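First subunit A sits with subunit B, and in the next complex the same chain sits with subunit C.
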Partner chain A sequence: MTTHTQTAQNKPPGSVTGGEGLLTGPVRTVLAAVLLVLLLAAPFALYPVFLMKVLCFALFACAFNLLIGFVGLLSFGHAAFFGGAAYISAHTVKVWGVTPEIGILLGTAFAAALGMVFGLLAIRRQGIYFAMITLALAQMIFFLALQMPFTGGEDGIQAVPRGRLFGVIDLTSPLAMYYTVLAIAVLGFLIIWRTVHSPFGQVLKAIRENEPRAISLGYRTEQYKLAAFVMSAALAGLAGATKAIVFQLATLTDVSWQMSGEVVLMTLLGGMGTLFGPVVGAALVVTLQNYLAATNLPVTVVIGAIFVVCVLVFRRGIVGELTRILKGSRG
Partner chain B sequence: MAGDAILETNGLTKEFRGFVAVRNVDLRVERGTIHALIGPNGAGKTTVFNLLTKFLQPTSGRILYNGQDITRIKPADVARLGIVRSFQISAVFPHLTVLENVRVALQRPLGNSFHFWESESRLNRLNGRAEELLEDVGLSGYAGHLAVELPYGRKRALEIATTLALDPDMMLLDEPMAGMGHEDIGRIAELIRRVAAKRTILMVEHNLSVVADLSDRITVLARGEILAEGSYAEVSRDARVMEAYMGTGHA
Partner chain C sequence: MFEFLGVPPQALFGQLLLGLINGSFYALLSLGLAVIFGMLNVINFAHGALYMVGAFTAWLMLQYLGIGYWPALILAPLVVGLFGIILEKTMLSRLYKLDHLYGLLLTFGLALILEGMFRHWYGASGQPYRIPDALQGGRNLGFMFLPNYRGWVVVASLVVCLGTWYAIERTRLGAYLRAATENPVLVQAFGINVPRMITLTYGFGVALAGFAGVLAAPIYQVNPLMGSNLIIVVFAVVVIGGMGSIMGAIVTGFALGLLEGLTKVFYPEASNIVVFVVMAVVLLIKPAGLFGRER
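Our next item is the complex of A and B:
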């Protein structure tokens, strides 16, 4: 007899399904709901500006993680998308006088277009060559930002008005601004979550796991990688454009290679290839930066040291290691 | 007897910086046969596979598939024409489940592989077929395991199931039995014989008893060149073949 009960065989107990079978079904829904409630209540307990910074960087790190964690591509030029979009939204809001949501959309669209250009030039390269090309291209954007008239050189674009969302909601109110940023970050996160758990996401993971095999199954992997790259660039742009409205500022810091490095750091610290890792990593780094800025300690050195320790002690990042420990205690 | 060639090469040559790994190979694989490609280590067998599947671009020569010149097409398009290969070093998707490994192959014809807005549960309708394929290679019961957790022999079986998922007209198997235990070899040989009923197989294999048992025709490659060709009885009598194998320490 060869008739087996198919559903029973689908998921033998104690095994992992879908690569992230730990928090399944109801547990995950409850956790997400709790997290959302906390985020909604957070501005009454913590500084909204700090929270908004965390949210923007969390979205940035999640966008970056979509590439490294789910396609296996290490981009070292993501500051170009983050900072480029920041300049575009700052400029269009301040000089053209568009409403903030239009400014953010224009910044995001710019980042997507830039992502297309970077992607077309870099996507055929593998490993470290890919990282080097993205870095080189991002440095060109940095020099453009330094030289072009509209970007304000060393000063950047300052005093960007927050304006009124949809021409109605006054974003100078910290709470209105916070909930706007929260909505954008949650939307970005949901897009990434859906992408990772979609038919497209399955192919991306296959490419990450074994690209030659994916090719031999007939997938034109460059097209998938390019699509993921553009998506990641657009979401990084969404984060940068939003940040420019929140801080009313777009500067060279946003397009610098250090910014590209920071997002790598956040993602690795939190755990690449996990959905929440980059969020945790971003929160940690931003918190440390804020805390250390008030002391006499050299910020970069301390963060660098913490990073080295983390990489040595938990290679999978914080969330990655937690997942492993929980899994281990179950099976 | 003209026969009906499914795959044919003329003067296929590959040079790596002056080193000729494959020289002037005229290969002809008849439709519906199991054709073995054998030869000592470093003979160029894997390189021939890489050329046929366009993972490498030939330095010179032509490749014809069903009479169509495929010398300049891309590797993904080779698969779409119906030639699917396996790899010498087992090629699975390690951190996908066994079921997902096979499903990735079944997924492409659905045409939703760029749909990032859909739930992956859309792929569940492929589970039934995927489980049939797993059962064919003796992997039912492992569907939910990560591929990386499988022992080596079962990884190879998974690779074959994934290849079969595309229902290819032609399968290129690079040492499908390497690293397998005795029972596994028997089961996979049986599987190859069964799936060969409706397709053509070109196979690299060092296990000569398997080769003798399965193949209709054998091409012997040594130092990048074809040394002999024929049935197992014919090539095993060939003095040059024996010498090529002895010369590199093979039995």
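Our next item is the complex of A and C:
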């Protein structure tokens, strides 16, 4: 309510945490190494397809978080990039017969181009309008996916061959597929990490905190926002295209508004504006969905309830709250 | 019979009528969104779900209590409005000091809960709702056949929309409301209970959605998912019209419904996306929306 000025309480969602400098130097290197070893060993302990799903959604959520967490833009249409790229890579691999890496690249390129179009339109408005515009544009992509001749309507594109990576490595082997997905996810994560800690990322954060001030300092904020939007769209596309190869299908679910909502939830639950939050959120939500599928509980109700609880009492998300507690205990 | 651009007039007017009916719902829903946004600065994502709850309330009243269409047309919006007031008091009111995006996220979660519950209880298939006896049948207008119920929907929507416009723009209560939108602190200082006004505004806005739901029940089947697809189109309508003006929301709603109907006649494949295309064009030409002002 009240005025539109940015007061201390009235900050954009991403800025609820500021604790990135917490784990520094050797501690962070060790932690990253441990995590990587765990991920390398994981397929021997857990079901690889489940892990691959988590990795794809983790990358998707990280891509989404790049916008909400570091630029303060809430996109409610990221399913268009995720699902659009899934359709393109599924189609090119299945019908054109290209190798999986080319299919994934084409899907990613499509998502980036789509992100350019969406971005040019959506950054003309701010805040809530931005969310509504991205949602509406994504719904347009949903209807196109429903009606276009090559997308297979309600069935989607099924039985996409996994093929051979670079024409050599057979991806029908679950382990080969898993390590490919892991490499892609880690690469995507490193790109995001590098971006956030670059001068470019600092400008993005400046825009999030106070856009008029960034403008007054001479930054062309529109161009920065557009660049971040295209990057986020491309990475979301990378996740979607990879998912299409892993599950060998692209369906309407991938482009639906529910999917856009899911990625918002993953990021919110894990912690907006934290680097690892989206990964944690994605892992939790995917696990929860797997668990709920076996029970009689309606999934959407549970997802909705988590949304409400997160917004009301848990706005920093899991990683955000943990960071705050750790910081507090250190003084 | 003459033809218009190769389209028989019956088909043309039939689709235009369908468009007008869709427009009635767009107008009612975007009006509610605009009223709520003006006062609370919250985009009510649960609007579509509450429209569905309105339709279901009417259906449940008929099914279990034997309450017919006409009482339900009053009672169901009251039930939805009351429910909205509870939501505002217990949840939304905690978020006003935060970024407005949290309101959107909260109402999105509420929409998922409502839809999920109704789908869990009543399945995804639609429940039929009978057209009331007084509005059965139709009349021949010479150039087309008008089913009575459809005519009633358009008239009822117009009356409620214009009534709301009158109440907000031309009455003393409306003046308080507009004043509180501009400067709540000052209005509060004059001794008007602004928080209560906010609560009632939210209740009224969602009651409009409930009313639209009851109107829709005999036309579309009563379905748990009937609101979610509609609400995204309504968002686009709101972006096109801009939320600055009540009349703007009404006019844009009806106009886009008609445009959708026309598209169904001349290029049916594009009828699902025409509203979104218009939105993109409007954003390029006049980013604040046709009736909007940048805020």
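By definition in this document, the second predicted complex is superposed on the first by the 308 of 331 C-alpha atoms of A that agree within 3 Å, B and C clash if a C-alpha of one lies under 4 Å from a C-alpha of the other, contacts with A are read in each partner's own complex, and residues count from 1 in each chain.
What we mean here is this: contacts are C-beta pairs under 8 Å (C-beta built on N, C-alpha and C of every residue); 3 or more make two chains touch, one makes a residue touch a chain.
Worth saying up front: this structure is predicted, and the values here are computed from it rather than measured.
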**Study point:** Partner chain in contact with A:286 - subunit B first, subunit C second, else both or neither
**Key:** neither
Practice item. Please indicate which partner A:226 is in contact with in the superposed arrangement: first for subunit B, second for subunit C, both, or neither. Key: neither
Point to revise | subunit B versus subunit C as contact partner of A:62, first or second or both or neither | key: neither
**Study point:** Intersection of the subunit A residues that touch subunit B with those that touch subunit C
**Key:** 2, 4, 9-12
Review point. What does subunit A use to touch subunit C in their complex?
Key: 1-2, 4, 9-13, 74, 76, 121-122, 124-125, 127-129, 131-133, 135-137, 139-140, 143-144, 146-147, 257, 261, 264, 268, 298-308, 310-312, 315
Exercise for review: Within their complex, state which residues of subunit C touch subunit A.
Suggested key: 37, 40-41, 43, 91, 94-102, 104-106, 108-117, 119-120, 184-185, 198, 228, 232-233, 235-236, 238-239, 269, 272-273, 275-277, 279-280, 283-284, 287, 295
Review point. Quick one: in the complex, what on subunit A touches subunit B?
Key: 2, 4, 6, 9-12, 15-19, 194-195, 197-203, 205-206, 209-210, 212-221, 223-224, 227, 231
Check your understanding: Contact residues on subunit B for subunit A in the complex?
Key -> 53, 55, 74-77, 79-80, 84-85, 87, 91-97, 99-100, 103-105, 107-108, 110, 112-120, 122-123, 127-128, 131, 135, 140-146, 162, 166
